[in-house]
Amino acid sequence: MLHRPQTLDAALALLSAGDAVILAGGTDIYPALRDRPPPAEMVDLSGITGLRGIGREGDSWRIGAATTWTEILHADLPPLFDGLKLAAREVGSVQIQNAGTVAGNICNASPAADGVPAFLALEAQIEVQGPGGTRCMAVEDFIRGPRMTRLDRSELVTAIYVPDSPGQGAFLKLGARKYLVISIAMVGAVVLAEGDRIAKARVAVGSCSPVACRLRDLETALAGISARDIAKAVSAAPLPELVPIGDVRATSHYRSDAARTLITRTLLQAMEARNVA
Amino acid sequence: MSVSKPLPHDSGHLHVQGTARYVDDIPSPQGTLHLAFGLSQIAHGRIAEIDLQPVRDAPGVVAVLEAGDLPHSNDVSPSVHDEPLLSGHSVHYVGQPVFLVVATSHLAARKAARMARIDYQPRDAILTIEEALDADARFEEGPRIWEKGDAEEAIDTAPHHVEGRIEMGGQEHFYLEGQAAMAWPQEGGDMLVMSSTQHPTEIQHKVAEAIGRPMHAVRVETRRMGGGFGGKESQGNALAVSCAVAARLTGKPCKMRYDRDDDMIITGKRHDFRIDYRAGFDSDGLLTGVDFIHYTRCGWAQDLSLPVADRAMLHSDNAYHLPAARIESHRLRTNTQSATAFRGFGGPQGMVGIERVMDHVAHELGLDPVLVRQRNFYAPASVLAQPASDVPKDNSPENNAEPPEAGVDLTSRGAVAASSQDAAVPNAGGAQTTPYGQPVEDFILHEMTESLMQSSDYAARRAKAAEWNAQNPILKRGIAMTPVKFGISFTLTHLNQAGALVHVYQDGSVHLNHGGTEMGQGLFLKVAQVAAARFGLPLEAVKITATDTAKVPNTSATAASSGSDLNGMAVKTACDEIAGRIAAHLAKLHQLPADAVTFAEGRVHVGEESYTFEEAAKLAYEARISLSATGFYKTPKVQWDRIKGQGRPFFYFAYGAAVSEVVIDTLTGEYRILRADILHDCGASLNPAIDIGQIEGGYVQGAGWLTTEELVWDDDGRLRTHAPSTYKIPAIGDVPEVFNVALWDGANREDTIYRSKAVGEPPFMLGISVLMALSDAVAACGTGYPALDAPATPERVLAAVQRVRDGV
Amino acid sequence: MQTNLTINGTPQRLELDPRTTLLDALRHHLGLTGSKKGCDHGQCGACTVMVNGRRINACLTLACMHDGDEVTTIEGIGQPDNLSPLQQAFVSEDGFQCGYCTPGQICSATAMLEEVRNGWPSHVTDDLDGGADLTTEEISERMSGNLCRCSAYPNIVEAIRKAAGENA
């Protein structure tokens, strides 16, 4: 059965009743329909208007869980979100961006999800509602392993909060083809600059570890350095967080090699974008 | 005249409205059943126990068939009956069909097929070239070896040498329309089959065997395919046979289509190759001798692997005169999908071998690779007299072919072993000969490449690229020209025949049918242009109809680029027969000689008088003159002994050349094709718009093969790249930013249909210029030779950059 | 379950298994076979249709999720004697070879031209806020979700450019 609740409460009531699969954009349900035992109950969130849209709430930006990637792309947002917008353009094709949602991308918790490194760099918080009320946690804590999250079966993600800051966002992805690639590696970054120097940087890498992750030691090392020293700093950093696997898309050696280049370029992209703006 | 015009595709109006029907779009009769295979999960072994009860109990399942349940022949091989439709107890690759589910819907069949419980006794699987060589697992008794002169002596005594190895991957066809078939039982046990196939006659033959009926009881119809590229020459057999067997059993129409993942896991792909080479040359780069060893993984069954491997050997020279050559070819049996036909049919792999040698020689000597290539070209056609290699008329193959084995599908390219015959060595008449003894009489690449060098501004761009590379430490450019000389004809000589059926109705409209199939290459339009031209009619007067084994029998596959050459000629013959009858009648009426009658602009002119074509048709009908005719054509001059490697396998050669420029990112290995310039020879083109489309598409598909399209099998023999998310075909952004394509202005020297040339496969090999341009860009990073393998993924490019920097 | 869809302007009431994809509903329940099955993975774009004016992959969405929505398929774009400018341009520029990807290309391009008119940004637009000229690169990026194995891409780009010019 497919349910299309019109309110959040109705959706939560349906979820608390038993094992239901949540559909937001629905772009990832298809494999389950063909080969796995079919889900008996499906809850489609697309009818709940309150789950969509982007707006300010206090010191944060609130992005509704069922906001599509296309809506992200078209939203009027500060440069902080440039990385997220660039990531949005990499989520499949326009056809998929029109259907796929931000929370869906996060909840699938694929190591190769395009949105996750961008949200990590934004220090985004995930708002989860369930029968026990509302809780909030960092993206990093929410995704606990490849394809695993801290979402309880009776809960759903309602929003993503991004604390406002003056930083500049950036994002880069490496793949064997220009478009429609599942990533070999991708990098999200937010840089706060002072003159030609990085005052503060947040860097996250996807596809190079079981779960996309922040590179905190590198972030510390980057503080205070000038744009021209970024490459050196990145190549000198140990980056213990990156433990890429070898798979059909690339060997682990190539991934770690290319990831460093990509990190440097993403940081430079942020520095340059800031100069342009 | 309708020929030589860039007329748009005949199905265009249907395509843009979504009303062009492919097999899965044909409305299914009520009660149609749907089929899916249950597949082997291991690469090699025996099935110890199989429990299909959960499959039978699954919702919607009507029947489940195993090998023992099949009523007649259990074989779908296009060659040596080594490919059971259903495996029986012994399985040979991951993805081999083990059982067949018949259900009320496609999804029900697919889901049920995954519910079998099978216990396997695994055996060692042979997956790699090394494993196959160690086990001596191969087709044929040993390697095929063809020799011209003493290559070893020529190489050893040459002042310079190179040797090396290139590996090149296979290629998934990824026809956008997956394999599909439908069978509809008819009265008296007859069967009507709709199949997405390049080879309706073979489908007819295999279905007839499988249901134990003569071929006359089976009718196969193919209106169009959503792409074929060789992948529907033999790979559709399993689906059509399954449908027919299930339809016979249930009395219901049956339909089968592979979902994309099944299609990729079950069906064969392009053969991957390893080529070891050794070459001797002088200080100008002129080759004295070459030694090639080809290794190819043919997969678990023979399919068309022998002629594919033959064609790779036949293109080991590409455009270059090899004074001495030795070519050894190992056709290895592995526990993987049975590799099959794919655009070029081995030719591209053989050609990459010699192009690598040219690139390596130029690098060794520090010469511009274009110079080395041009110096080694065959002598130009312009220095030769008329064709010298005509063979005596009596030596036509049908006179001395050995009787075929019972059951062999004579119309398949896999029938190769049954028809080997003595072939006379052609008289070269002063022309240089290929390593297999065919004189090269029509060589036009000197003029073509000179012209392309000018139009592409090669010299200046090469200098600019060098300048750029000196200034840019990270982005490096590379530029390369590669030529193509591709042999046209089926190498199995007797396949070079075609039939046509043409009717003129009393209203002057024309019904056209021939043995070729339409897969997007524009064959139907080209052939219709021929028919319209013969009758002097506008194209709209000619009705193009689906390929149908009941109309034209015993057809060859639409393959080997031969479609328009063969069928165009057969249609011309049929049209001329009818036109001749009409002309004779009208001439008699007007007491004029028959040659006073001409057909032009929708009218029939008889001396001073003239009739509309409709009036002429009516007059002929009333005079009780048959307005229906068959046409037949067989290619002249061809003869071939594939064991000796001697003869004239090809009627003529098609030529082309491409200049590609790329830029690589030496920190990530990523790259882009910046510009491509192509000059290609279609003889006197039947339809320049269609031909340019074939050239552009072939180039991009060839470049895809050598760059992004990577097939990966794991250690258990599982294909890991079985979805578009992991297997990357070229997307719209992968087309070169600047893409100039021109046709060489010249008529075919041989007497082909309107002096045109075949175009389906040759342009595919223009994509080799991209691999060589990447090699050139990588070479700019240091002193070593890049030795770039294919596909040259960003990862491989980066590794090559690092090797070259280390000076390896 | 019952689902109401407006397909090419005509209201349709369908009784569907809720797990039916929009593509299967169109092809099997409504006999609209213009939308094609290419890859079953949302990667090739052959099944592209427009839902409420936006292009999506019909193979990746459930029909029941679109209760009340307006769906436009290739059958709803133009009439046999009145083709849309894009359809005409695909015919005149030979924007296909085998034709299997064509319905998806045209649905996708129809929506894409509308996006351009609305000033939606894309990847290669320098200005993240839109306002791009329709260059080859721009068309390529915006059409990257539609594969053509025959690689008729140069003609596809030409057809879209031609239709865009006529609409401008």
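All chains are identified by letter, namely A, B and C, in their written order; residue positions are counted from 1 within each chain.
Basically, a residue touches a chain if its C-beta (ideal position, glycine included) is under 8 Å from a C-beta of that chain, and two chains touch if they have at least 3 such contacts.
As the structure is a computational prediction, the values presented were derived from the model and not from experiment.
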Quiz item: A-B versus A-C: which has more C-beta pairs touching?
Solution: A-C
Quiz prompt | Most central chain, Cα average position | solution = B
Quiz item: In whole angstrom, how far does the Cα centroid of chain B sit from the Cα centroid of chain C?
Solution: 31
Quiz item: From the C-alpha centre of chain A to that of chain C, how far is it in Å?
Solution: 27
Quiz prompt | Separation of mean Cα positions, chain B and chain A [Å, integer] | solution = 44
Practice problem: Give me the residues of chain A that touch two or more other chains. | Solution: 33-34, 178-180
Practice problem: For chain C, jot down the residues that touch at least 2 other chains. | Solution: 40-41, 43, 141, 144, 146
Quiz item: Using the touch rule from the top of the page, what residues of chain B touch 2 or more other chains?
Solution: 259, 725, 730-733
Quiz prompt | Contact footprint of chain C on chain B as seen in their complex | solution = 8-9, 11-22, 24-25, 27, 173-178, 224-229, 257, 259-261, 519-522, 689-690, 693-694, 696-697, 699-701, 723-725, 729-733, 735, 737, 739
Self-check item: chain A contact footprint on chain B (complex, rising order)
Solution: 107, 110-111, 114, 259, 667-670, 672, 708, 710, 712, 720-721, 725-726, 728, 730-734, 793-795, 798-799
Quiz item: Mind pulling up the chain A residues that touch chain B in the complex?
Solution: 33-35, 174, 176-182, 184, 247-251, 254, 257-258, 261-262
Quiz prompt | In the complex with chain A, residue positions of chain C that touch it | solution = 1, 18-19, 21, 40-43, 45, 48, 54-57, 59-62, 64-65, 67, 108, 111-112, 115, 120-123, 128, 141-142, 144-146
Exercise. Enumerate the contact residues on chain A facing chain C in the complex.
Key: 1-2, 4, 23, 25-27, 29-30, 33-34, 38-39, 42, 44, 46, 70, 73-74, 82, 85, 89, 92-96, 98-99, 178-180
